[in-house]
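Only one structure is covered here, and it is reproduced in the block below.
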Amino acid sequence: MKIEKVKLNDGKAVLTSYLLGESLEFVNIDARPAVLIFPGGGYHFTSDREAEPIAMSFMAEGFNAFVLHYSVGKNEDFSSPWKDATEALALIRKKAVEWNIESNKIGVVGFSAGGHLAAALGTMGNERPNAMILGYPCILSSIGDVLAFPVPSLEKEVDELTPPTFLFSTCEDQVVPVEHTIHFMHALNEKKIPFESHIFQAGNHGLSLAKSHTSSGMASNVDDDVAGWFSLSVAWLKKVFGDFPVSDGSMMPDVNDTSEYSIDVKLEPLLEHPECRSILLEYVPAFNDSDISDSAKDFSLRIVNRYYLRSLSESQLIGLDKRLKEVPYNERE
Amino acid sequence: MKIEKVKLNDGKAVLTSYLLGESLEFVNIDARPAVLIFPGGGYHFTSDREAEPIAMSFMAEGFNAFVLHYSVGKNEDFSSPWKDATEALALIRKKAVEWNIESNKIGVVGFSAGGHLAAALGTMGNERPNAMILGYPCILSSIGDVLAFPVPSLEKEVDELTPPTFLFSTCEDQVVPVEHTIHFMHALNEKKIPFESHIFQAGNHGLSLAKSHTSSGMASNVDDDVAGWFSLSVAWLKKVFGDFPVSDGSMMPDVNDTSEYSIDVKLEPLLEHPECRSILLEYVPAFNDSDISDSAKDFSLRIVNRYYLRSLSESQLIGLDKRLKEVPYNERE
Amino acid sequence: MKIEKVKLNDGKAVLTSYLLGESLEFVNIDARPAVLIFPGGGYHFTSDREAEPIAMSFMAEGFNAFVLHYSVGKNEDFSSPWKDATEALALIRKKAVEWNIESNKIGVVGFSAGGHLAAALGTMGNERPNAMILGYPCILSSIGDVLAFPVPSLEKEVDELTPPTFLFSTCEDQVVPVEHTIHFMHALNEKKIPFESHIFQAGNHGLSLAKSHTSSGMASNVDDDVAGWFSLSVAWLKKVFGDFPVSDGSMMPDVNDTSEYSIDVKLEPLLEHPECRSILLEYVPAFNDSDISDSAKDFSLRIVNRYYLRSLSESQLIGLDKRLKEVPYNERE
Amino acid sequence: MKIEKVKLNDGKAVLTSYLLGESLEFVNIDARPAVLIFPGGGYHFTSDREAEPIAMSFMAEGFNAFVLHYSVGKNEDFSSPWKDATEALALIRKKAVEWNIESNKIGVVGFSAGGHLAAALGTMGNERPNAMILGYPCILSSIGDVLAFPVPSLEKEVDELTPPTFLFSTCEDQVVPVEHTIHFMHALNEKKIPFESHIFQAGNHGLSLAKSHTSSGMASNVDDDVAGWFSLSVAWLKKVFGDFPVSDGSMMPDVNDTSEYSIDVKLEPLLEHPECRSILLEYVPAFNDSDISDSAKDFSLRIVNRYYLRSLSESQLIGLDKRLKEVPYNERE
């Protein structure tokens, strides 16, 4: 895992990247879906309760995560965080390959004022996220009094390009009334944008994960029912983006799908091909034992060596791979 | 969040530290409980499927996490990973303050051969972890054939100092038969060590989190029921270690519990104390407004400024704090 | 458990009562909360998928349940099911004592057209339920085309007497569009009626419990995420009604809270009262053993006999109870 | 739903049957799996906390349920409840058709002493249940002291015919120590009987569902984690028995799978068959409208009428069905 910090918008904002480590064992993960997180704080500050803990929760589900500390305070106006957010999304798309991200599976996640910024990006951006997750978001401009500066009213901005949206909030919220959520939901529905919405009756504003470690020690910030929003949001994101693929058989490439022999194709055709077989036996005499070759045939040599044989060193593997690749490839009929 | 790598045992092993960021907002977290993770791999390798993804899952619950890449391979014997593990635990305890860890809330988490190493540390170590979580662990020495080297049989090593233990495995496991788990559970029970054990009927060896992103793309590595082990283990750890504290009121220190005035005690007594009041009004004239002072009185000035006033800069806060601390403290009667 | 059927509205409707068995062991349940269930079916029929299976689910949580087969079909108009529903609620309140129901903890549960009938009762009834649970309800009169007859538009009927409401539906519903739910939620919010609302993105109309046994065999009627609505609704109902009470100590009545001695008060004061003590020892000489009397003192004799002594027959218990009740009661000071 | 009571063993025992109502809408349920429940009570009594509430929970999942009040008390010996249990299982199998039960999907569910009786039936019976669910069961004869009479030690009785078994208990159980569960699990494993076992660390004896309504008002009888045993047991039972079937298409029989035309086969072939078509149009002229016939073609007329047309009365349906069945059937090629 790697953590990087990038300054945006002439240093006004900081984007923190949390990038999971990759491994040959994660054969079903070419690139990862990602979330870009905007913590709340009334555009006065960005709350740590809605920053790293949210990133950790999505990483635990296999997503790469980004937290944006955007411009806040009474000396700014909405154009500053808006520019921060726009630059952040553009940068993530631009660096998608370097950061191992699927550029069309980037969800934006925002809470309270951060939910406003997320919803702005999803409805007004030239470039849009692929999904939105909005926690007790500010939507209506009428909330401007308690924010650091006036903001646009976003229920009017929903358009056909707005991505699928997940909303959660509480009916009892005294800070950002639930009508914000209802109006946005209504606008999404008018434009036929798919959405999911969970409004819990009980619970005050700013619950974050609604767990003890994000509670600031206040019992009113812990709620087992509201805490369910997170796994609901992951299940929803996986419906929108698709899940990490799994298959009943091995996900090892079949030699028939490639155009060369290697240590990464199924062993079976190699063992049936006279020249490949003789190379393999040179390195792994045990393949003469039909028990071993039988149980191994559906896997690649790399996997068989890692999990079963464990007899070949990395340099032996590289040498063997090179030898196999030199064998003229003939398609099976 | 910070990531550090430390070499142990003359460079044979690497301990990766995953340390969550701290924040004034996490007022109920003085230091964090931690887990030390030993991935499996038959003492031949350490599986990435049981390393970082496990760390992420515990971090998402507020724990700091450590992954040990211990010594493996046929050129080693058990004394090497044993030394690695022993050094890792000692180092974490030693650096507990620096790494913001509660030194008596360190759980060791191991899978398969890593479960063997974890159980060895918990039963034979001079220094012991405070809890063990063992996933489909190797326990009996009879498993030695498929491991890289012979290992001690741990069901014989359970003693009175063995910490509370959480076990999970599957009845259908063909690689490490479930009798390993049963024998260890039996030994724990004989010594009256508290334990929790979940043996699922279905599922093969090495399920890790039993989710798609740790599956290597094999459907047989995904199981919604077995995936429940993780949240069961967290609930159990919180019973053993205690949860992050929450309280119905604010967790702000009361001035009565300290011996000085500051921006971190409740506002109420400050506003009632003539000299403090006049300093406060200098910085925040609005406190003359009884509405504001009433609603603020149960919070500290730092919190009130962050969440409500937002008028004081960091340097103003520091100056005000200094002024308050200079006021002679007199206990209220 | 008992099942009763009562005809209503001159035989047009049938109310089926499902009444859980009572037991001395359920000491914390004086009377039960209840649900009155209206299955859906477009006012053309009442679907069995939304009738008994729903009753069973609430009974499994300790509620008594009622299913109303109300008037349907093109030969009726709305006044018929309305009368059925009104009579049903009145009858349940009237028979609350006989049916062991808390008359102020009656929730109405309706699906689709049954959700319309439930919402009508909750907004327009002279007598109202204490909570509403509405599954993919019809609310707007515009749905009239696909119903058996025209119906009132209920978003206009929400008033201050409308009880707390739980809503669930799916965004993809093609039969009763999600706008029905949104409009009702909006109306509840306008009137400050507490509500909880879960709109899942995926899922067609009429999911019932979204489980295999209520699916009619159609895979599209099974959805693990939507299936969560039921436990969310129970958690919500328990917030609205309160849960079955539990306490850290025994719930046995203390002799101090009564005005006579009996086998149902705590043993301790009886064993300290000379006359009661001598009666007890007559029946249970073992009480002379201080171990036994110590461990028993917080329980009543009836409980101690049932779970521990097991030496007294029912007739002995009755005799002993009579003897104790004859002892003149003197309050402890 | 129907409830029946049957006396067994010359009136010593009572079997209560809880039989769910059937419906044409439950097209994927030919007959139901069932559970036979043995409440606990030390063979001194049968606890109501482990009787009807357990039956309700399984019925909520689509199972038929039976509760056996078996012979208890110091005047009996083990042969009495053993005979009760044996007769109960035999009767359920005998009446399987009448009671709409799959005779090879009968699980026995027992708690504490009832768990002993269940495990006896599963290991020693001439006729065996198809699955066992044992809650904090008595297994070892050493528990005899606290029971009403001596009992056989069942860990010795596990044989090849023992059905798959689900166990749960708590490590802290002071009444029936967890070694009972461990020894039985060990015996199952020796005989290669598939099992699932959940031993929770915390929790006292006799938790039943571990919910408030089965708690007798004692907080120690409520535990959110242990309460998970029930849904784990249902997931397990569905793995052992199979789930209620669902399919992507309709489960309506295709006319090709039958040998006659009727209102219960798919409409499409009927509308393509000249004689059937003319009969259909007689009853439903709207089928001339291709929109209607298109959307209806994958369903049977019975279903289309119920959910969509709603124009035909029951007697019209019967008449139409008769007419269709008189049309000579010719197989499609």
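Read from first to last, the chains carry the letters A, B, C and D; within each, the first residue is number 1.
The working rule: a residue touches a chain if its C-beta (ideal position, glycine included) is under 8 Å from a C-beta of that chain, and two chains touch if they have at least 3 such contacts.
Small disclaimer: the values here were computed from a predicted structure and weren't measured.
Following the contact convention of this document, no chain is adjacent to both chain A and chain B. Taking each chain's centre as the average of its CA atoms, chain A and chain C sit 42 Å apart. Between chain C and chain D, the centres computed from C-alpha atoms are 24 Å apart.
Residue numbers of chain C whose C-beta contacts span two or more other chains: none are found.
Across the whole structure, chains are in contact as follows: A-B, A-C, B-D, C-D. The touching residues of chain B, when paired with chain D in their complex, are 164, 166, 171-172, 178-179, 182, 185-186, 189, 194-202, 225, 228, 232, 235-236, 239. Interface residues of chain D, counted against chain C in their complex, comprise 1-3, 18, 20-21, 23-29, 42, 44-45, 47-49, 52-53, 56-57, 59-62, 74, 148, 211-222, 243-248, 250-251, 306-307, 310.
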